[in-house]
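Read from first to last, the chains carry the letters A, B and C; within each, the first residue is number 1.
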Amino acid sequence: MSRFVDLTLSTVLLTGLYATMAYGLGLIYGVLRVVNLAHGGVIMTGAYLGWILYVRLGIDPYLTIPIVGAICFGLGVAMYSGLVRWLPRGAAGGPASLLLLFGVWLVLRNVAYGLFTGNDQAILTSYSTRSVAVLGLHVPLTRLVVLGIGLAIAALLHLLLRRTLVGRAIRAVAQNADSCTLVGIDVNRIYMLTFGIGTALSGIAGVLLATVFPFNPNAGAPELLKSFVVVVLGGLGSVWGIALAALVLAAAETYAVLIMPSYLTAAVGFVLLVLVLVLRPGGFFGHRILA
Amino acid sequence: MALLAARGLTRRFGGLTALDRVDLTLGEGEILGVIGPNGAGKTTLFSLIGGSIQPSAGEILLDGRPVTGLAAHRRVRAGIVRTHQIVRPFANLTIFENVMVAAIHAHRRTTGHARDRVAEVLELVGLADRPERYPGALTLAGRKRLELARALSTGPRVLLLDEVVAGVNPAEALAFAQLIRRIRDERGVSVILTEHVMPAVMSLSDRIMVLEYGKRIAEGTPAEIVADPRVIAAYLGSEAGQGAAS
Amino acid sequence: MTPPPLLPRRMAGAFALGCAVLAVLPALDLSPYAHNQLTLSYVMIAGALAWNWMGGFVGQVSFGHAAMFGVGAFVAGRLMLDGLPAPLCWLAGGAVAGLFTLPVHPTLRLRGPYFSIATIGIGEVSRVVFTYWEGFTGGATGLSLPVTAVQKYQLYWWALALAAMVALASIVIRRSSFGLRLLAIKADVDAAADVGISAALYQDVMFALSGAVIGVSGGIFASYFVFIEPGDMFGFDRSIAFVLMAVIGGVGTSLGPALGAVVFVVLRTQLLASYPELHLGLYGVLVIVIILFQPLGITGLLGSLARALARRMQRRIFGRPRRTPPPAPGEA
């Protein structure tokens, strides 16, 4: 019984992380119809940025989030303005955009490798190993903070998209970019902003990840996969849809421990994806993802 | 027995009923026109008959045999092929290859025979000149001809033409109308077409079916349809309909 | 009207000549280094071309081909340890790798980016599963294969044969009506269905073929390296390598990936020697440049050069094209 509560708690805590990861990918895909294959690389970059700021400047990792967010926002803007916007028209989602961003991922990986070597790193603060009592169980403090921050980000994102002018423009462009040009919205600028916000979210997710798990320059592929599974499950309709899907994935992975050896839990996300595709080929929430 | 028969065709998208228990018959060698205001369900009807979507209810019979469950590519082999409102040529293939890929696949002919057929079809639609060009080099009318050629080379028995005349100038539209008539006369292909350009539909069709809000509201010869008050009401508003009836 | 031949006589002749030259090369006092580099190149050529069947002909970019590569390698390795002759082991590896694509084929129903990311999943899951399946792959320590020095020397011709066959197949497929249908699917899956082409069937077939060939190349690769371990064979970097080779050489062209494979092998050895840290970053930049400026990679570059050269030659021989004077009024 206590095992069960333990697992449930783990699930909830993991959800915050997965949701934040997925927002970055989902936002860019929802608006630009481009799958940011460099997503994993940006997460890794965010992890290293947070780590470096902590190690060199002594800033608490969670406080680096605004800084890392800003830097990764700039990175995304640069990626869009310098590269993605020059893709031929209609290439969105096609092999060209995938390969282009894949190239960026390789570069990011190499930069990290060159600067920091390939060894595993982790952000270890004085409170990294501290636990907090929740429902009679000991919960790692870091995971609790990650959950809290994840919820805050979800709420902020929701507010941004629903209540601000920029958010409304973003949603309009996601619906129908051509019509937006007709009413005077600078679609290119919105694309740029969205890309930046997306990478900012990925970077922040990286910092959160770094406080909970070890990382190295090769990190990213599993994170990309999981973010993708969450986006497919949760759809692009709402911030909370993705949060829910993140919960589902986190739950599946955590409870899978009950029926399979721990090293296989990485496969759970993928199995979930295949299941969704076989059982509900139309995807969920109206995705048209099948040939 | 009708060549193509659809009974009780219904298609729902979530809460919206795009098509509501529509019956349709197409005789051998007949040209059937389907008209109706925007959103009446014409394209949905085409997608259902063509096979890209499945009906929520109802069935489709070709030569009395049901084809409702068949996927689009199977229906092409059975003899039902459609063109699209927004033409979709294979941009990375030449004009010749565009038609070729349809010809060989639909009938598994040897490549030599298929090439003859492709040349013949291109001649018919008027694209025989420099078929090694890419679709990008063609005007819209040219690409529509290509789409038509591609559909024809599959050797269909039923051809579904979705607004094939839309967006071309009147001279081209006339040429298209003549082409469609030739296709029916010379090759015995039965045609269902849908258009917004009234003169084209009226002059080409043997029979016309009128859709409104997913329902069939009238069917008959062009002369009958033009005088039908329900049809006039659907297009112009109920006052005009009442005016015609009085 | 007779269709163009699947393999024009002149092309066939040039091809045969090329293979013959390569086959006798070792007899001409080739250094062991060059001999090995060429052997490796042939294996990679086969792999890159096979990847291109999916990525370039069908248009579905796979980041998970290492799964089939590894399966082929370890199946072949296991059978070699059981004493079977190497060529049989390689073929068996290829067959199993091809079959391996069957259970994952639901992912083929995915469009574009969804498929690509799913293949990352295939690669990752394979890596994890096979690393822990010690009975099959020997776990983290891997397998050590019984390959004698003589056998390793002879790999040159086996690899060359494989590369030649795969190259030939690539040319023929591209020029055939089968290849035409693949291109139609690549251009527009729905329109292809409208002319009667079932994308699902063709994709399944090509995926299986692509997987099988990569499996065979994995087997030969295993013999070449003698020692194989699952973390490396099934690793993401392996999958990436095939993608890079095809992109650099020219995705979608018949033989471009072969060029890319050679460049990749040569560059890799040079880079790993001098600048090991720049390895992946350089490829990343290369991919970005290629996608933005010359999507057909080296093949595209060569094509542009050839055209520019032809124009120059034409001008030199025939002089600049003269402007015809406009017709006088009244003339047609």
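Methods note: a residue touches a chain if its C-beta (ideal position, glycine included) is under 8 Å from a C-beta of that chain, and two chains touch if they have at least 3 such contacts.
All figures in this text were calculated on a predicted structure; none of them were measured in a lab.
Asks: Along the shortest chain of touching chains, how many steps lie between subunit A and subunit B?
Replies: Each step joins two touching chains, and the minimum needed here is 2.
Asks: Could you compare the number of C-beta pairs in contact for A-C with that for B-C and name the larger?
Replies: A-C
Asks: So which chain is the furthest away from subunit B, centre to centre on CA atoms?
Replies: A
Asks: Relative to the centroid of every protein C-alpha atom displayed, which chain's own C-alpha centroid is closest?
Replies: If we average C-alpha coordinates per chain, C lands closest to the whole-structure average.
Asks: Just the number, please: Cα centre separation of subunit B and subunit C in whole Å.
Replies: Each chain's C-alpha centroid was found; their separation is 42 Å.
Asks: Between subunit A and subunit C, what is the separation of their C-alpha centroids in Å?
Replies: So the centroids are 32 Å from each other.
Asks: In subunit B, which residues are in touch with two or more of the other chains?
Replies: There are none in subunit B.
Asks: What residues of subunit C sit close enough to touch subunit B in their complex?
Replies: Subunit C residues touching subunit B: 1-3, 177, 180-181, 183-184, 186-188, 190-198.
Asks: Mind listing the subunit A positions that touch subunit C in their complex?
Replies: It comes out as residues 29, 35, 37, 83, 86-87, 93-100, 102-111, 113-114, 218, 221-222, 224-225, 228, 232, 261, 263-264, 266-267, 269-270, 273-274, 277-278, 281, 289-291.
Asks: Any idea which subunit B residues touch subunit C in the complex?
Replies: Counting only subunit B, the residues touching subunit C are 50, 52, 71-74, 76-77, 81-82, 84, 88-93, 97, 100-102, 104-106, 111-112, 114-116, 119, 150-151, 154.
Asks: What residues of subunit C sit close enough to touch subunit A in their complex?
Replies: 55, 59, 61, 63, 104, 106-114, 116-118, 120-125, 128-129, 132, 189, 199-200, 203, 236, 240, 243, 247, 251, 277-288, 291-292, 295
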